[in-house]
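Following this message is one structure expressed as structure tokens.
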Amino acid sequence: MTEIWDGLTKAVQLLISLDPAVMEVAGRSLTISATACLLASLICIPLGSLIHFHHFRGKRVLINIIQTLFSVPTVLVGLFLLVLLSRSGPLGELRLLFTPTAMVIGQMILITPLLLGLTISALSGVSKEIADTATSLGASGSQAIRLVLKEARYAVLAAVMLGFARAISEVGCALMVGGNIRGATRVITTVISLEAGKGNLELAIALGMILLLLALIINIVLNRLQQR
Amino acid sequence: MSLIEVVDLSHSYGEREILKGLNLGIDKGEAFALIGPTGAGKTTLLRIMDLLEVPGAGEIYFDGKHVPRSGKQRLEIRRRMSFIHQKPQVFNLSVYDNVACGLRWRGEKRNRIANKVDHILEMVGLEGYRNRDARTLSGGEAQRVALARALVLEPEVLLLDEPTANLDPISTAKIEQLISNVARQQNTTMIMATHDMSQGQQLSDRIGVLLDGRLVQTGNATDIFRSPTNEAVAHFVGMENILEGVVVENNEGIALVNIDGYIIQAVSGYPVGKEVYACIRPEDITLLIPDGGQQTTVKSSARNSFQSEVTRVTTLGPLSRVEIDCGFRLIALVTRISAEELNLQAGKEVYATFKATGVHIIEKGSGQ
Amino acid sequence: MKVIAPRIALIVLVLTLLVTVLGCSGQTEPEVLRVATTTSLYDTGLWDYLEDIFEDRYDADLQIQAKGTGIALELGMNGDVDVVTVHDPLKEAAFVAGGYALNATVDGNSTARVTWAYNYFIIVGPASDPAGVGSLTGSLAPEEAFQKIQQEGALDPDTVRFVSRGDESGTHGKEKAIWASAGYNYTEDIVGNGTADGWYIEAGTGMGATLVMADELMAYTLTDKGTFLAYQGDLDLVPLVETGDIMLNVYTAMICTNGVNPGMAQNLVTFLRAPEIQALIAGYGVPEYGEPLFYPWDPEICGLP
């Protein structure tokens, strides 16, 4: 119990003092996960719309696969990328392993099924007649899709939120393809894992609190947005 | 030349045939009402005409040009039309944005959009609702938004699918007023589907009756209501008295028709021996009280007069529906006031009279 | 009869349960012994090899966690494990001084730190050896190698790099000791400037992962020889510096004061120092790697007792 209490006290201290090392790591966590989430959204929202609005063979199967991949283990994504980006791997020439770029790619892969699947179900929540009405008012195919996306904007936003939460809270992939290198690829979760490994439990708890706080702030901001 | 023309149009949803070889041309500036019972295929026909769906078979011509089954040209043609759906679907946006959507999609300039939207909102009486969330509106208000959203596009063709279904009478009146104003002022071609015959009659120049996927009769309101071409149309347009009989004599266009041993006279050219239906609108039957045993027939110019007994009286708002038995069953509509004055009730003896011109004769087995 | 039937069933059930319970208590449940070990021991597979033999001999259930020395000692302090096997003399001394270790009996002597095997740390790096440390020999070779890596790395951080465990493990402790012995202030000169220059890469991870990272980045790193041999097949790294007094790596076992099973813990300590087990340790890995991963306890090298 004293460790938890000490952790809390330390977290408050670190936060109030804006400890530069902690701020650096928190900032990197935010940047990497936000970038991954943004890029994944830019891919998944249009792709999800494409899947939702087109009828093709195997659509149900595809959606089932996507939903199954919601829970893809982070270390599996890490392993896959490690093999791919390794010096001896097919993309080794790019020299991306143990860089923040590799972590962004890993988190993108990780949250892509989630964003795709939730975008599709968000769009399914919009009545078919909305797209119909838009078409009859002269919307082109893409204009109608954009309107339906707008109708589903809160559900899509929630999907993006969930994707971001999964990205920023994962550790397996970040550790494997980022390598937890000080000053380069160290993020909150990998530092927690490292500090706990060092037996430095107070700092680990403090960082955990900061991660939770970060998640809380993001949630509040997005909730405010939704209520508008 | 027709503005929109459909030729040999057929369409199915799975096993169900909705439209069966339908031909129809709508002229520029015409107001056309498509009437028919629920499930007759009215909505499907409108959706195909609006190019929302590709018909299973048949061709569509717009403004003289053949409409392809796919491609960009469909969007261009569709943008010359507006469609108001039966259940108004407002978008989860402000009233203003709802109405502005179509113009934005057509790439209109911002300030032109603002002018047009404000003008149309005023026209439909929603000027105070500009920034309201459209989903908080009542059914009537939502339908007015849907109407504004369609009208702001100044379409060449306005398609309406049961525009007043599920609305209260006051909202219905407002919407009908708006539609008829637009039709008159802007010379918009209008195609309206309705199951309400009086609405069709009131808002259109021409009516088409759609029954079970077939367009069974088109014509002006008088044609349709007075002279249905077959029994089914007669039934649908409210000919409550449809009597089966045979022509037994024809004197210079006045046919005598034998109905279960009773003879009625009707204006018709059908020859002797023809099996027919004699249709009489209930409001065309007059009821008289016998005057103390005297012959009453002479008092009326009507050629048909039958002594009969009232079997049942039902009040329908300002009217009374009177069922009588004069050897065969007839239904008459009289005002509630006259029903009270005549003291009509079951068992009462009356004379039912109607003119020969009030009887519409349909050949049996026609239009099938 | 119909009423009695359920009663008979109940009696049979109760008797069955009774027999089962008695039968179980008659059979002795293996005693659980929890051990936290440094990753360098575990990654070589030595513990898997010894585990079965120990469990058979003492009817014990050995539960082993592979951790960095830092967290292993933390677990020991909290009593979450009964025995720790680590390799960081400074931290071990602090552990004993804090009263977290019980005295164990080996060869008739009583001691808190039981040394039981050793090997050497080595500096490995890319075969191209851009800093040119492969030619160094002698008792100060490790310090000289670190100096070269620091100098060349600062000049050309894209070519000469060093990956550090950075996880407060025993290996990390040894690395710090070498930097200090080479005349550097570890925190300022190495972590501070080295990270800023980009040649010093603090991985914050286990020995195996650190080797993989050094291999990927074509960098130098410090490793215990056992783990390196175990990983060598998958790596392009080659051993470059294998001599030097400071490179000695002694493995220690300590019985935790707060542990729950000191008796079985003493058994493990006795086991590790038993002559026939020492012979197994000395021979472990020889068929696979061509040389031993660990050397048996030697009082001359490991110190008494």
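To keep things simple, chains are lettered A, B and C as they appear, and every chain counts its residues starting from 1.
Everything that follows uses one rule, which is that contacts are C-beta pairs under 8 Å (C-beta built on N, C-alpha and C of every residue); 3 or more make two chains touch, one makes a residue touch a chain.
Fair warning: this is a prediction, and the values are worked out from it, not measured in the lab.
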Chain closest to the middle [Cα centroid of all protein chains]: A
Maximum centroid distance from chain A, chain identifier (CA atoms): B
Where chain A and chain C are represented by their mean Cα positions, the distance between them in whole Å: 36
Distance between chain centroids, defined by C-alpha means - chain A, chain B (Å): 57
Intercentroid distance (Cα basis), chain C paired with chain B, Å: 90
Parts of chain C lying in touch with chain A, wherever the complex brings them together: 67-68, 70-71, 73-74, 166-168, 191, 195-196, 201-205, 209, 213, 215-218
Contacting residues of chain A [partner chain B, same complex]: 127, 129-130, 132-140, 143, 147, 150-151
For the chain A and chain C complex, residues of the former touching the latter: 86-87, 97-98, 175, 179-184, 186, 190-191, 194, 196-201
Of all residues in chain B, those that touch chain A in their complex: 50, 52, 75, 78-79, 81-83, 85, 87, 89, 91-93, 101-102, 105-106, 149-150, 153, 159
